[in-house]
Each structure stands twice: as structure tokens, then as C-alpha cells.
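Following this line, the structures themselves.
Each of the next two complexes has subunit A plus one other chain: subunit B in the first, subunit C in the second.
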Partner chain A sequence: MTFSNLVHAVIDGVLTGSVYALMATGLTLIFGVMDIINVAQGVFVILGSYLSYALSVHFGIDPFVGLLITMPTMFLVGIVVERAFIARLKGPEKTAMSILVTYAVSLVIEGALNMIFSTNPVQINNASYVNSSVHLFGMWLPFIYIYGFILASVLLGSLYFLLYRTRFGASVRASLADQTAAALVGIDVKKVSTICFGIGIAVTAAGGMIYGTTNAFNASSSYDLISRLLTIIVLGGMGSLAGALVAGVSMIILEDIVAVAWSPVWSNITFFILLVIVLSFRPQGLFGKQSARVA
Partner chain B sequence: MSTPFLSFDGVIAGYGGGDVLKGVNFGVESGGVTSIVGPNGCGKSTLLKTVSGLLKPRLGSITFKGESLVGKTPKAILQMGIVQVPQNHSLFREMTVRQNVELGAFLIKNKAVVAARYEKVCELFPVVSERAADRAGALSGGQQRLVEFARCLMLEPELVLLDEPSMGLDPKTLRAMFATIKTMNAEGRTVLLVEQNARQALKMSHQGIVLENGVVRLSGSGIDVLNNPEIAALYLGGSITHH
Partner chain C sequence: MLTKARIVWIGLFALLALFPLVVTTPTWTSIIMFALMYMAITTSWNMFSGYSGYVALGAACFFGTGAYTAALLAKHWNVPASGDLFWLIPLGGILAMAVALPIGLIALRVRRHTFVVITIAIFFVFQLSAINASFTGGTSGLQLPFLPWGFQDFNVPFYYLAFAMVVVATLLSAWVRQTRFGLQLMAIRDDEDRALGLGVRVWAVKLSGFVMSAFIIGCAGALYAIYQGQIYPQFVFNPLFDISVALMAFLGGFGTLAGPLLGAFVLETLQLWLTENYSSGSLYLIIFGALFLLVIIFMPQGVVVYVKDRVTKREDRERSMIADNEAQIAGAAQ
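On to the complex of A and B.
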């Protein structure tokens, strides 16, 4: 493996990993605030991809401009799903039940997408920047990867601002830390949960758009996505936003390095091996709390 | 007859399939300290949760200055002037002490009011200003308890519910904590206190309530309850305290 290959792997990891980090941030935010494991996150990403695809192919709307429509739409989808299914889950079995309920939601959406768009893979590729590249750091980088990185950075930055610099953010962080204590200072934890679910799903519109421009996809692509996203948040620490960022970027860097240095066959599984090793020493993940969410 | 400050009437409440409170009746006068004592599992903490809105009673009524609390959200109950400091440490550990205390005034949107209240609680609790920038999780158990007290005062509540505030504190901190409760009360706040440390709690209380198996076994002045031979034998280590 040459030095230039290594640099390439790191750059690709940062560019692509940031998009995965964005999608995983939505998942970890939902878990952190609500104790809900949303296994439908993968299919929400694909729904976001299809929305961008439909707007781009059928209405000629640029995928990035289309986010002005798809992100609010996905936010509303999140709110409806939370109110209709998630808010009803209560009691000690809530987290376990959430896996079943969100799996059911994901099957329904997957079925609907298959009916509407068929199972033939598609790709959003009618924008000029999807198929063109720029020569940077001694390599050709597709514009879409750079734009995707910028988009993910802006959205992650906005999310950070929302969480750490606003009153709503304080209520989210308080709910993340201790829901009872948050309720006792007057935070409407139910409302915070609903909005967080909406935000967690809204980011999949952006993630899905980038995914759909860089990959051919169909509804079944959600299975690969959800396994990656769950792995990222487990490695980063369930409920940790910083963990999702670090683990998302590390996953792609590691996969790229293994693919180049060894074989692409092993690249996918390497991250899972890393996951097992890390969890053996830190069961709470890289940034997770020791006893978080046990009570 | 004047409207009672806080009143429980036939309150039945519990979790899952069982009732923990099985018909609680008593009233709390304004301006005093009322201690609720009793064995583990008798429903003391459950009772406080029904007041703060964390648990909805199945039957019965709870009124605060004549207004029903049943079915109201914790936020609505806070707005009525009732705050609760829960049993387990409830500071947001990753936030600073200052952020924690300021969150006590989450319902107040006027920043100037929040700043003024913050200065006021800093005077009462020097630990808040001394450790303002520190992560709350880095404080000792006693300090965390005092910061929780400071946070609960940010709304300048009329009624403060304290759930086992002495839990896990060393004797010196314990004394300081009880002194703080007295100060809180002297400043005009009514305190409803649940305590395992029954003897010390009753000594400083205007009213004592003994809860047993989810019903009020005895009520009276703090000293009367403390000196009741049967209660002393059951819950206060088997001896009568003379003063």
C-alpha cells in the first residue's frame, strides 16, 4: 500500500464517512432522548433517496435544492410515525418493543417503495456534478463527494448549534441525560421526543440524497444501511453524538484502507471485527456512558 | 373554613398491577415543614410523585390551594409553584453547575429575571458560584444535593418537595443539608419532606406524618410523632426521644 493510497483512503473516509455520521446522528439522537432503537432508519434513508430521485428525474429539481422539500417532508413523516406508533410504547419493555414496531414500519415503507418504484436499482445521476471530478491532493475526487461532505458538515454544524446554543438544545440535552429530572424542571419531554424523532428522520433526507447520487439503490439497500448505522452508533456509544461522528468517519476510513491494502472482500467485515474488539474493552462504546440507559 | 394549602383525599396510586398508596388522607399547612416518615416501600416517594405530576393517582384528589393537581403535567404543576427534588441525584452530569442551576428557571423566558434569580441562589448556596464552571458530575454527593436545592429555588416556589435529601450524605453534610432546609422554610417556602432519617426530620418539622402500607398511620406535630412510643418503637430505633 502506497502513502498516496493511504491519503486517498483517509480523504474518502472523511468525505463519505461524514454522510454516514449524519445519518447515524439521527439514529443516536432518537435513541439517546427516547430509548428507541429505530431500525427503520435505513429505509427512511432510502425513502429520502427516492424522494430526491423523484424530484430530480420527474420534475428536474436539483437534488440539493430538492432538500428544501424533502427535509421538511421527512421531518413531518417522522412526527407522524412518532405520534402514531412510537409514543404509544411505554414501560420497561419500551426499547425492545421499539425494535419490533420500527421493523414493522420499515417493512411497510419498503413494500410501498417496491410497489411504486419496482425493485430495479436506480441512481440519481442527472445532475452535472454527479459524474464529474476535480483533481485534488493528487487524485480525482468526484464533486458529489465534496458537496456531500460540505452538506453533512453544514447540517452537523447546525445540529450542534441547535443542541448546544439554544434553549431547545438545552432541553434536548437535559432529556438525553435524565428524563425524570428534565420533566421536573418543566421540560416537556414528550414534545422534545417528538421533535427529536422528526429531526432524526429529517437528516435521512440529506443522507439519502447523497447515498442515492453515489450508489445505485432499491428499497432493499436499507438492510445494508441499517446494519452500518447501528454498528456506527454502537461503536460510538449509544446516544453519543460525538461517537456517531467519530465512528462514522472511522468506519469508511478503515474499510477503504483494508480494501486497498488487503482485499475489498474483507473491507466490510473489518469494521465489525473492530467493533467486537472495542466492545470487549469498552462495552459502552467509544463515547458512551458506563451505565447509560440501564435504569 | 379556609382552603387547605395542600390536601390529599383518598389518594390511591401505584405502578403496574399494584397499589402503593391505598387511600391517603391528610392536609399540609402553608409555611411549615412537613415530614413523611415510614418504613421502606410504604409509599413515601410515590406520594411525592403524585404531587409533582410524575405519577397520576388512580383515585382520589390532590389539591393545591383549592386547585386540583390530578392529571396535570409536571410542567403545569411547576407553573403553579411546586417543585420537586427527586431521590436520586438529578443533576445533568455533563452540564456545568451554572447550566444546571439556570435550567431550574427553564420556564422563565426573561433572561434578566433568570440572571437575578441566579445571583440570589448564589448568595444562598456559595458552592454554586464557587463551582459554576465545573461539570456537575465532578461534584461530591453533598455538593450535588446543594446544587439541586439551588436549582429548585430558581422558580421561587411556594411548595418544595424533597425526596430523601439525606440519602448517601456524610454526617457533616447531613447537618448542613438540614440547616439549608430550615433556611429554605424560613424564607417562606413550605417544605414537604420524605426522609429515612426520621428522627432528625421530625425534630425540625412542624408536622409529622407516618405512612404505613400506603395509608396514614399517624399524624400530628413533628414532636408528637417523635414522642409517640409505638412509632418510636417501630420506626425510630425503638426508643423515645426526650427533649
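On to the complex of A and C.
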């Protein structure tokens, strides 16, 4: 491995990692506020990819402009799923049940996508910036990676602004810290939960668009995505926004380094082994609070 | 002692035992054989996850280990293509337990929510290793000696082995419920901190429950490998397998004795029947998902608990109606 290879891996990792961080933030936000593990996040990302794909291929709408349609659509999908299924979960098995319910939702979506788009992998590649590159830092970077990084940063920035600088954000953070106490001071935790679920799903439209332009995908790509996203949020500490960000970027960097230094075949597995090692020493994850919530 | 419930249990098991004598179509004996296999697996899974509330989504780790044990041992020991292959089944179970011990040591360090996710992560370590390591044959998988039996009766020995697994798993699961160990597991499910405070050695109880539940799942993996004669990493380490087992248990009744048996029987038969007749995997995914969502909405505790509640409520209503009538009669008499 040469030094320039390493630099390349790190830069690539930061660019791709930011997109994973965005998708993982949606997931960890949902868990933090609602105690819901949304395993449908992976299939929602793919649904977002297919929406962008359909708009771009059939209507000639630029994928980035298309986000103005796909993000609100995914937000609504999130609200409907939350109201129809998630809000019904109660009691001590709530979190465990949420995994199965969202899994069932993801099976239905996966089956529908397979029927509509077939299982042949596709890629969103009819925009000019997808196949052209720019020479930066002594290497060729595809424009789409840079645009994706900018998009993810802008969305993460707005999400942080929403959470840390607005009244709604204050109620979300209060619900993150303690749902009962938040309800006691007059926060409508139910409404906050529904909106958070919507936001958590809306970001997958953007993540899915970038994923779909940088990878060939079909509905079963969602398994690969969800396993990474879950690993990221557990490693970062479930419910921790900063954790999702740091773990998202560092995991993808690590994966890229292993891919150059050793073999792409084993890079996936490093991801999971790192998780197992970290959790053996810090069961609450990197940024998780120790027994913040008793199971 | 023969209670009413026991007679029903014995009757249902007798029906299953007689099935291949009555229906000899290989398609159907194969479908019910797979249903039995899943009944054994789900019951065994439920013995740890259902009783303790720790939902493990890594049952495929044990299943795959069992399958690879059978395939690798058959290859290295040159087991002939005969009934001798069946001796590999318990070895598959034992190896699965050996694998469950380190997994449990790592995964059980954390509480429920994170536990679920870690079992998923460990599952992917297994799947990726099986795909990439050299001794597993990679994506082309491994072959086992093909049994030279006639086509018509080919399924029958497998059917009865799977049936035996269901019987063992059910008896074990029923027995555990009544032991001190089972009560401790269920105490952990209700309130782990309280159980700890009351002197339950939660760590040891959880770990032994987890390892114990791996045995039958490993045996089933070995049976599957011998039946198929060829295994592929993407089929024996399948994420859908993990979730199916959990769905079957939840559908029937998580943590109950009859629930996992019922859920596995219904779902596996339905799945194989749909594949047989419509050969559309996508349609199955939609039906499977939608069915599960309906159950969650209308019977959140599973079919068995739902039916039991309905029966109890009806009995209560009848009892109170009789009491009302008697009170009225008594009132009229006065």
C-alpha cells in the first residue's frame, strides 16, 4: 500500500461516509426518540433510489432537483407507516416488536419493488456529473462523490440547526433525554415521534439518490445497507446523533483502508469485527450514555 | 396424568406422525417435513428468546454451523452414502452449541435493544466468512454424498427425523417452563434488574439458555444439509431465516409453548405452497409481510394468546350470565 493509496482511501471514506452518516442519523434519531429500531431504513433508502431513478429516467428530472419531490414524498411515507403500524406498538416488547414490524414493512416494499422494477440491478447514470471526474489532491474524484458530500453536509447541517436552534428541536431533544419527563412538561411526545419518524425517513430519499448514482442497486441491496447502518448506530451509541456522525464516517474510512491494504473481500467483515471488539469493552457504544435507559 | 390439554397435544402429534403413511405424494411429505424442521427450530429459539425476552436474530449462525459441520465431516471422514450420515446430525447440534458459547459471551454483555443488533452483526460475520473462507468452498458451497434411495420414499426418513426433533424440542421447552431455570429466564424477561436483585444469576442463566437453544437448531441445519445434498453459504446463512424464525414465534405467540409450533407450521407450509404454485418470490414477500402486519394490529400477542383470551372471556361472560340468571330467579322467588 502506498501513501497516496491511503490518502485516496481516507478522502473516499470521508465523501462516502458522510452519506452513510446522514442515513444513520435518521435511524438513530428514530431510535432515540421512539425506542424503535427501524430495520426498514435500508429498504427506504432503496425506495428513495428507485424514486430518483424513475424521475430521472422516465421524466428526465435531474436527481438533485428531483429531491424536491422525493424528500417530501418519503416524509409522507414515513408519517403513514408510523401512524399505521409503529404507533400501535406498546409495552415491554415494544422495541423487539418494532424490529419485526418494520421488517415486515420492508418485505412488503421489497416485494413490490421487485415486481415493479424487476431484480435486475440498475443505476442512475444519465446525469452529466455521474460519469465525469475532477482532478483534485492528485487523484481523479467523480463529481457525484463531491456533490453527494456537499448534499449530505448541508442536510446534516440543517438537521442540526433544526434540532439545536429551534423550539421543535428542543422538544425533540427533551424526548430523546426522557420521554416521560418531556410529556410532563407539556411536550406532545406522540406528535414529536411522528414527525421524527417522517424526518428519519425523508433523509433516506437523499441518501438513496446518492447511493443510486454511485452504485448499481436492486431491492435486495437493502440488506447490505441496513446491516451497515445498524452497525454504525450501535457503534456510535444508539440514540446519539454525534455518535452516528463519527461512526458513519470512520467506519467507511476504515472499510476503504482495509480494501486497499488487504482486500475488498474482507473489508465488510472488518466492519462487523470492529463492532464486536468495541462492544466488548464499551457495551454502550462510543458515544452512548451508560444505562441511560434501562431495558 | 391425562388432562384435556394433553390429549389434544398427543392427538395432534399422532396426526403428524401418521401423515406420511396417508399422504405419500413426495411434494407434500417434503412440505410438511420442512414445516416440522421449522417447528423444531422455532420452538428451540423460543426456549431462549421467548422465555428471556432477548430476541436473537442470529439463529442462522447455528443452522449454518450445523449444515457445514455435516458437510465437512462427511467429506473428511468419507462417510458413505447411507444411513450412517444421520449420525452427523447430533454432531451438528454440538458444534452449534460450541459456536453459541463465544457468541453468547460477547452478545449477552449488552441489554435487549443492542443485543438484537449485535446478533445481526455476528450473523453477517458468519455469512461473510462462509462466503470468503477457503475450507467452506466459497460461493459454490459443499456437496454431500447423495443418498441412493428411491424417489417415492426418499422423504420418509427425513420426515421422521424432523418429527423426532419437534418432539424433543417441545418436551424440552415444556420441561424448561416448569424448572427453576425456566422461571429464572422468565423473571429476566419481566424485569432483569429485579431478578438480579432477587439473587438470580442472570449472566449464567442467560448464557446457558442461549447455548442450549442452539442444539436443535444446529441439528436441523445438519438434517437440511443431508437432505439437500448440497449447501450454499447464502442459503444456510440467510438473513431471511433469522427473521422468519422470529416472525413464526411472534405470529403464534412469543414465549408460549404452542405458539412457535403453530406459527412455524402455518407460515412454512404457506410459503412452500405458494412457491410451489406461484413460483413468485416477490408475491410471497408481500403476502408474508402483510400477514404479519395484520397479526400485529389485531392480535399483538400472537394467535395462541389471542384465542386463549377470547375463550377465557367467553367463559367469564357465560359464567356471569348464569350468575345473573340465578340472581334474577332468586329475586323473582322472593
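One rule holds in what follows: the second predicted complex is superposed on the first by the 294 of 295 C-alpha atoms of A that agree within 3 Å, B and C clash if a C-alpha of one lies under 4 Å from a C-alpha of the other, contacts with A are read in each partner's own complex, and residues count from 1 in each chain.
One rule holds in what follows: a contact is a pair of C-beta atoms (placed from the backbone, for glycine too) under 8 Å apart; a residue touches a chain by one contact, two chains touch by 3 or more.
Since we're looking at a predicted model, the values are computed, not measured.
In the superposed model, A:E93 lies in contact with subunit C only, and not with subunit B. Legend: residue contacts after superposition of the two complexes on their common chain; A:V10 is shown touching neither subunit B nor subunit C.
Taking subunit A as the reference chain, the count of touched residues is higher for C when subunit B and subunit C are set side by side.
Contacts of A:I146 after superposition: neither subunit B nor subunit C is touched. After overlaying the two complexes on the shared chain, residue contacts for A:A181 are found with subunit B alone; subunit C is out of touch.
Once the two complexes are overlaid on the shared chain, A:I273 sits against subunit C while remaining clear of subunit B. Contacts of A:I69 after superposition on the shared chain: neither subunit B nor subunit C is touched. After overlaying the two complexes on the shared chain, residue contacts for A:A261 are found with neither subunit B nor subunit C.
In the superposition on chain A, A:A54 contacts neither subunit B nor subunit C.
On subunit A, the surface touched by subunit B in one complex and the surface touched by subunit C in the other have no residue in common. The residues of subunit A lying in touch with subunit C in their complex are 31, 35, 37, 85, 88-89, 92-93, 95-97, 99-101, 103-108, 110-112, 114-115, 223, 227, 230-231, 233-234, 238, 265-266, 268-269, 272-273, 275-276, 279-280, 283-285, 291, 294-295.
Within the complex formed with subunit B, the subunit A residues making contact are 167, 170-171, 173-174, 177-178, 180-188. The residues of subunit B lying in touch with subunit A in their complex are 52-54, 73-75, 78-79, 83-86, 90-95, 99, 103-104, 106-107, 151, 155. Interface residues of subunit C facing subunit A in the complex, by the touch rule stated above, are 53, 55, 57, 106, 109-114, 116-118, 120-122, 124-125, 128-129, 132, 190, 192-193, 239, 243, 246-247, 250, 254, 281-286, 288-290, 292-293, 296-297, 300.
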